[in-house]
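Below, each structure is written out as structure tokens.
Paired with subunit B in one complex and with subunit C in the other, subunit A is shared by the two complexes that follow.
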Partner chain A sequence: MGSLFLPGDSWLHRLPGGLKLGLLAMLGGALMWVHDWRLLMLALAVVSTLLWQTGLSVAMLWSRVRGLFWLLLALMLYTLVVQSAEHAIALGLRVTTLLLAALVVSVSTSISQLMTVVLWLLQPLERLGWVDTQRVALAFGLTLRLIPELSLQWHDIREAQAARGLSANPLTMAVPMLLRTIRRAQEIAEAIDARG
Partner chain B sequence: MLIEFKNVSVERDGRSVLRRVHLSLTQRRIGVLGPNGSGKSTFIRLLNGLLLPQEGQVLVQGLDTRKEVSRIRSKIGFVFQNPDNQIVFPVVSEDIDFGLKRREPNPKVRADLARQALEQVGVPHLAERLVHTLSGGERQLVALAAVLAVQPEILVFDEPTTQLDLSLRNRFEQLLQGLPQPAIVVSHDLELLRGMERVLVLRDGLVVLDAPPNDAIAWYVEHCA
Partner chain C sequence: MSVKTKDIALVALFTAMVVVLGLIPPMPVPWVPVPITLQTFGVMLAGLILGPYRAGLVVALYVLIALVGLPVLPGGRAGLAVLAGPTGGFLLGMIPGAIVVGLAAGASTLRCLVAALLGGVAVVYALGIPWLMVVTGMTFSKAALAVVVFLPGDTIKAVIASIVAQRIRRLNLV
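On to the complex of A and B.
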């Protein structure tokens, strides 16, 4: 698994990150009040078109959402059993629309753009002298950057243990994961220091 | 380049990793050689204040690493062994831009500097690529471009060829020869070190030989292989 961001030059890539995040938040709020499946279908169609405009292929889309797809299916099945087919469909459409809308933002917004948003949001706190916004924004950017790396690291450790005939035990996974993460954090901090 | 080590000693975890190093570095190309654990990494980390000596003093162009670390780091470009630790952002151009932000406020000038640096190392086509899709060699070149973009006065390389295949390694050697800045290179790549003007051999935290490359390499092969 790599970064969710997809470099590109679409009009969505050029929109300010803050605007995209604001619209996503508004869409999320609005969808909670919509129960008509036809309106939800319309929203899904609009969001799918936006996603297509970012240049994301179907294969790349599937690689980014497949983990959540099975979770969504389970949720819909549960809703079908305890409520009704109508509720299950509305839930599926609503969550899929939100998921794809979040993906539109993730795919078209670089970490630098997100850091700019964090800097802007934290400005009032900096004026009060409570936080160093540059440091917080860098920590935020690094966290986003390292999430996919941690996933790869987990996969590497699992593979190495499987090669030794060990089953997937959370404890035996957690220890090397923690040690490697700490060492990696120290090395990255050193490299950032060296860059001035 | 003028870097001075004045009776420098370093201890880590109660163990002496560098002992009474006293020398001046003035040549354009200096190699550092030694077995694993001999103190090479410690030696180069002293150059830009990533480590500070317990005893003695390190001066870079007259600036003390204890007092002027920020100024020294703006003069020294450090290329790490593992480019994954050095590259902070997921897109190549974004990462180079990050290093330039503190020096250049104009985004267009930064973009130009990034492009020039990528051209200098021969990979301008990687500018908009995601870092995790690059090969190890390409990442190493991108890490070097990120360092060159900020136009440092001195370059320090920690095992720069370990992740490169033969073709990229040869390209790196040519590139190193053509760089205008003085460079200090820690490496086990003996052929690369033959192109240096002076090679220091470290063993058990001591500089055991300070000689022209052929003499230093012959000694190393005889005593440390």
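On to the complex of A and C.
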């Protein structure tokens, strides 16, 4: 499974992950209060420059924002119809700026770096005894390994039911899916315990 | 076998299942205005079957995996951009949503349906709509109008999830 991260060594890549996340959160909070389109244009220009600095090409950018782009377009159209063109433009500028700023962080920070920040943020909870960061890391890794397996399992069930002339139906597919998933969880738990 | 290891395995498996369900292409349903994805269906199932604590962990892990940049959300979306976007509240709202589903679930199918609607729909929308308003600058009525098309699909998912969960719960597996 491909992630948003783009390996590289730009100055943005070298910046600590926690700092980037902190700055992104601050930008997100600040932008909510900006309604002047000229300020928003300025913010968008700055963020676009940063994104360009990460070394992302236009094609790679498009593959990363495609899903969100259509959603944004639909929202702008909706705003245009129910409110006004000015609102639609301000909305488009603000959301695009935020999306690209978030992308700057995602593109320049590897998953392991982000996980390090997450586990660091969880440390206060760990001291309280609410969270065990080792278990979080284990569940995280386990889930990534299991996504392809469960995806295959879903298709198996689909094919088995199609072979019996059943159409795709979440009701009849969910029960075998859940039963197999729960059984697999038991197997994995036994395997983990056996290894200690 | 220690209970805790089994819980971790169940949380990981259910998280993977929510990912798989969410990645199935949106399907058109008769009488429903927009195609539906099975993402919240998975969240409801987790709440009904695993209970509040483990279901909350499932969705928190799901959100975490999406935010660190793996394309696990419907349409292959991922990354912090989703949180910064207009629908970020719906994603985050699924965490308390799953917990509420687990808390409200009961012995009867009807009780499970109420739980799925309360946590999987009401709580999710209660975070999603204000978030949409803040990001887009829409008024409440306009933001609510924008999401009302998803209500019929969500209701159908809650009905199916409660029936399915009831069948699984009777087996006392988890």
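Please note the rule applied: the second predicted complex is superposed on the first by the 135 of 196 C-alpha atoms of A that agree within 3 Å, B and C clash if a C-alpha of one lies under 4 Å from a C-alpha of the other, contacts with A are read in each partner's own complex, and residues count from 1 in each chain.
In this text, contacts are C-beta pairs under 8 Å (C-beta built on N, C-alpha and C of every residue); 3 or more make two chains touch, one makes a residue touch a chain.
The structure presented is a predicted model; accordingly, all values stated were derived computationally and were not measured.
When the two structures are aligned on the shared chain, A:53 is found in touch with neither subunit B nor subunit C.
Once the two complexes are laid over each other on the shared chain, residue contacts for A:195 go to subunit B alone; subunit C is not touched.
Greater residue coverage of subunit A by touch, when subunit B is weighed against subunit C, goes to C. When both complexes are overlaid on chain A, the residue A:105 reaches subunit C alone and has no touch with subunit B.
In the superposition on chain A, A:184 contacts both subunit B and subunit C. By the touch criterion stated above, A:116 is placed in contact with neither subunit B nor subunit C.
By the touch criterion defined above, A:161 lies against neither subunit B nor subunit C after alignment on the C-alpha atoms of chain A. Of the two partner chains, both subunit B and subunit C are touched by A:5. Overlap of the subunit B and subunit C interfaces on subunit A: residues 2-3, 5, 111, 142, 149, 184, 188, 190, 192-193. Residue ranges of subunit A in contact with subunit B, taken from their complex: 2-3, 5-7, 110-112, 141-142, 145, 148-149, 152, 184, 187-188, 190-196. The residues of subunit C lying in touch with subunit A in their complex are 1-2, 4-6, 8-17, 19-21, 23-24, 27, 38, 41, 45, 49, 57, 61, 64-65, 67-73, 75-87, 134-138, 142, 145-146, 157, 160-161, 163-164, 167-168, 171, 173-174. On subunit B, the positions that touch subunit A within their shared complex are 45, 48, 50, 70, 73-74, 76, 78, 80, 82, 84-86, 88-91, 94, 97-99, 102, 128-130, 132-133, 146-147, 150. Considering their complex, residues 1-5, 21, 24, 28, 32, 35, 64-65, 67-68, 71-72, 75, 78-79, 82-83, 87, 90-91, 94-95, 98-103, 105-106, 111, 114-115, 118, 135-136, 138-140, 142-144, 146-147, 149-151, 153-154, 168, 170-171, 174-175, 177-179, 181-182, 184-186, 188-190, 192-193 of subunit A touch subunit C.
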